[in-house]
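One chain, chain A, links the two complexes that follow: it is found with chain B in the first and with chain C in the second.
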Partner chain A sequence: MQSRPAPQPGLTFEYLMWLFIRISGLGLYLVALVGVTAALVMGARTQLDMGTLIRWTFFPNSGHVANAGVDLELGWVSLLWQIMQGMAVVFGVTHGMNGLRNILEDFISNKGTRLVVRVIIILLWILFLYAAFTLVLSDTL
Partner chain B sequence: MEITLKVFRYNPEKDAKWHYETYVIEGQPTDRVLDLLEYVKGYIDGTLSFRRSCAHGVCGSDAMRINGRNRLACKALVRDVGTKITVEPLIGLKVIKDLIVDMEPFFDNYKKILPFLINETPPPADGKERYQSPEDRAIFDDTTKCILCACCTTSCPSFWANDDYVGPAAIVNAHRFIFDSRDEAANERLKVLNSMFGVYRCHTIFNCTEACPREIQVTKAIGEVKMAILRGKIK
Partner chain C sequence: MARERNVGVFDGFIYRGGGPMLAWLLHRISGIGIVVFVGLHILANAFNGQIGSAINTVFMSWVFQLLVFFCVIFHAINGLRIIILDLWPALLEHQREAIWIEWGFFLPIYAIAAIVIISKGLAG
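Let's turn to the complex of A and B:
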């Protein structure tokens, strides 16, 4: 069958978030894969246990490494890892908060209630991002 | 063999609340649940109410919850469901009486997706039919099998939570026309399905596929509609 004229259903909020959820899900896998691989290459094989390694991968605050009693190296706190950390935080928080919104809105048909729930979720989303990035930015050494 | 049939009963004119009644009757492994209900209605309690029409799995009237699973009573055999059988109305729709539910919200959602062929192009000059290749027909063959029994939609937690969601049956019927090479209104249908209460309320849990008495791959059809929205083309 030949492709027929392209439908133009329009870019709706639901469509964009549906797409984001899939991309961010894959993005989180990518960040984790790169994080674990790089950590192992940088010495985690001998200096970190599995729990610490996973904590560092998903939230590579140098405190995790410090708590593990490992000497800090520049590699743990460089701009690259702060970007990776930022991506993990943005993808993770937004993915999770949108999932929460999606599930809650399954049960809400009233427009006013939906608006209130959305505002609360957006505020929580901002709070989580602010808290996470405050930790990231304070981790400058 | 002895069969214990437990039936959901509710008469809004008499009952303050619903209740179950249990009937112990004789039956055969090859009896259908519909036969048991007919027996109860004919010989034990004529007030038992349920929908039925063709009684051969085509009209979709006698969809109900049998042992916790949506089925057509005319297709559920005793040998498949056991001798202890609980029959309840479909959930997610208001009970009118006993096993009869109000299907209006279901059909309201069905109407939203324009469930009819739309083609503004003049018919061929010879006045004959608009041709379609077997390959083109095969693309939406599965979704033509829908009998609108509501088994899928009323097995969907998103629909239980909110009947504004168009539901799997409406999406299946939209699929039937969106992917029909003779139809020209895919845009309108996809606009309806690209909204808050369209395909995005589907969380891919496959209850609908499990429930469909016609064995339509409902979740797959919903996925194909999502992909049509994503890719901006129908293939």
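Let's turn to the complex of A and C:
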């Protein structure tokens, strides 16, 4: 089995994705820290268990914590938290899909197969973004 | 020609990379795990409520949560190690020590999560 040739140096797609994967990783840390702090401030410390707190941290919307029977104040139904959720979706989905591409392409030496895989991953990326945004925007402001 | 990588799966098994290789491998495995868990979770809930709740029942079982938490916590801590070493490349000389420190962070955090998950799982 042969692996793909190593990427070339310079301002290439591979370099930009290398940079993006690190920036989005830090971005997800930021989203998580802001989210968990805000959830605790809004009363999660006394009203939520650990699993619900974590779901709340990344995606504070009514569909995501509906089964938990939480009765927090509705401070999270705002544009700010929709933007935070949107950041988590865009960073998370793109980070994950690029990671998948990275792993798969490492094992594909054929250029044509790599292109097919890349197209499939772009389609998956669009599908996940669409699905996640329909869930995130379920709360009406 | 020097950039031509020609390492097959079987060479990979023979290669004794130690701690850094284990971290690299676990980073990839946990990454695939997160993509599968989160991807199924998003798709199931966005397009079908019934399949969504069936998948959620599996996801909320404590055995499965142990696996998901391993993937997420390891991926996050190892990713932070990679970012820090890439920001200050001089530190790459101490990569093996950095990975020991990383386990020092990972084990207590995962232990706390595991204790909460198991005690809750066995109680309810």
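Quick note on the criterion: the second predicted complex is superposed on the first by the 126 of 141 C-alpha atoms of A that agree within 3 Å, B and C clash if a C-alpha of one lies under 4 Å from a C-alpha of the other, contacts with A are read in each partner's own complex, and residues count from 1 in each chain.
The rule we apply is simple: a contact is a pair of C-beta atoms (placed from the backbone, for glycine too) under 8 Å apart; a residue touches a chain by one contact, two chains touch by 3 or more.
A quick note: this is a predicted structure, and the numbers were derived from the prediction, not measured.
Once the two complexes are laid over each other on the shared chain, residue contacts for A:L26 go to chain C alone; chain B is not touched.
In the superposition on chain A, A:L16 contacts neither chain B nor chain C. When the two complexes are overlaid on their common chain A, residue A:G51 makes contact with chain C while staying clear of chain B. With both structures placed on the common chain, the touch criterion links A:L80 to neither chain B nor chain C. In the superposition on chain A, A:E105 makes contact with chain B only, not with chain C. Once the two structures are overlaid, the count of chain A residues touched is higher for C than for its counterpart among chain B and chain C.
Residue contacts after overlaying the shared chain place A:G96 against chain C, while chain B stays out of touching range. Within chain A, the residues touching chain B in one complex and chain C in the other are 1, 3-4, 6, 8. Across the complex, chain C meets chain A through its residues 3-9, 28, 31-32, 34-35, 38-39, 42-43, 45-47, 60, 65, 76, 79-80, 82-83, 86, 113, 116-117, 120. Touching chain A in their complex are the following residues of chain B: 133, 135-136, 139, 157-158, 161-162, 164-165, 181, 186-187, 190-191, 193-196, 198, 200-201, 203, 226, 228-230, 232-235. Listed in rising order, the residues of chain A touching chain C in the complex are 1-6, 8, 22, 25-26, 28-29, 49-51, 63, 92, 96-97, 99-100, 103, 127-128, 131-132, 134-135.
Within the complex, the chain A residues that touch chain B are 1, 3-4, 6-10, 12, 14-15, 17-19, 102, 105-109.
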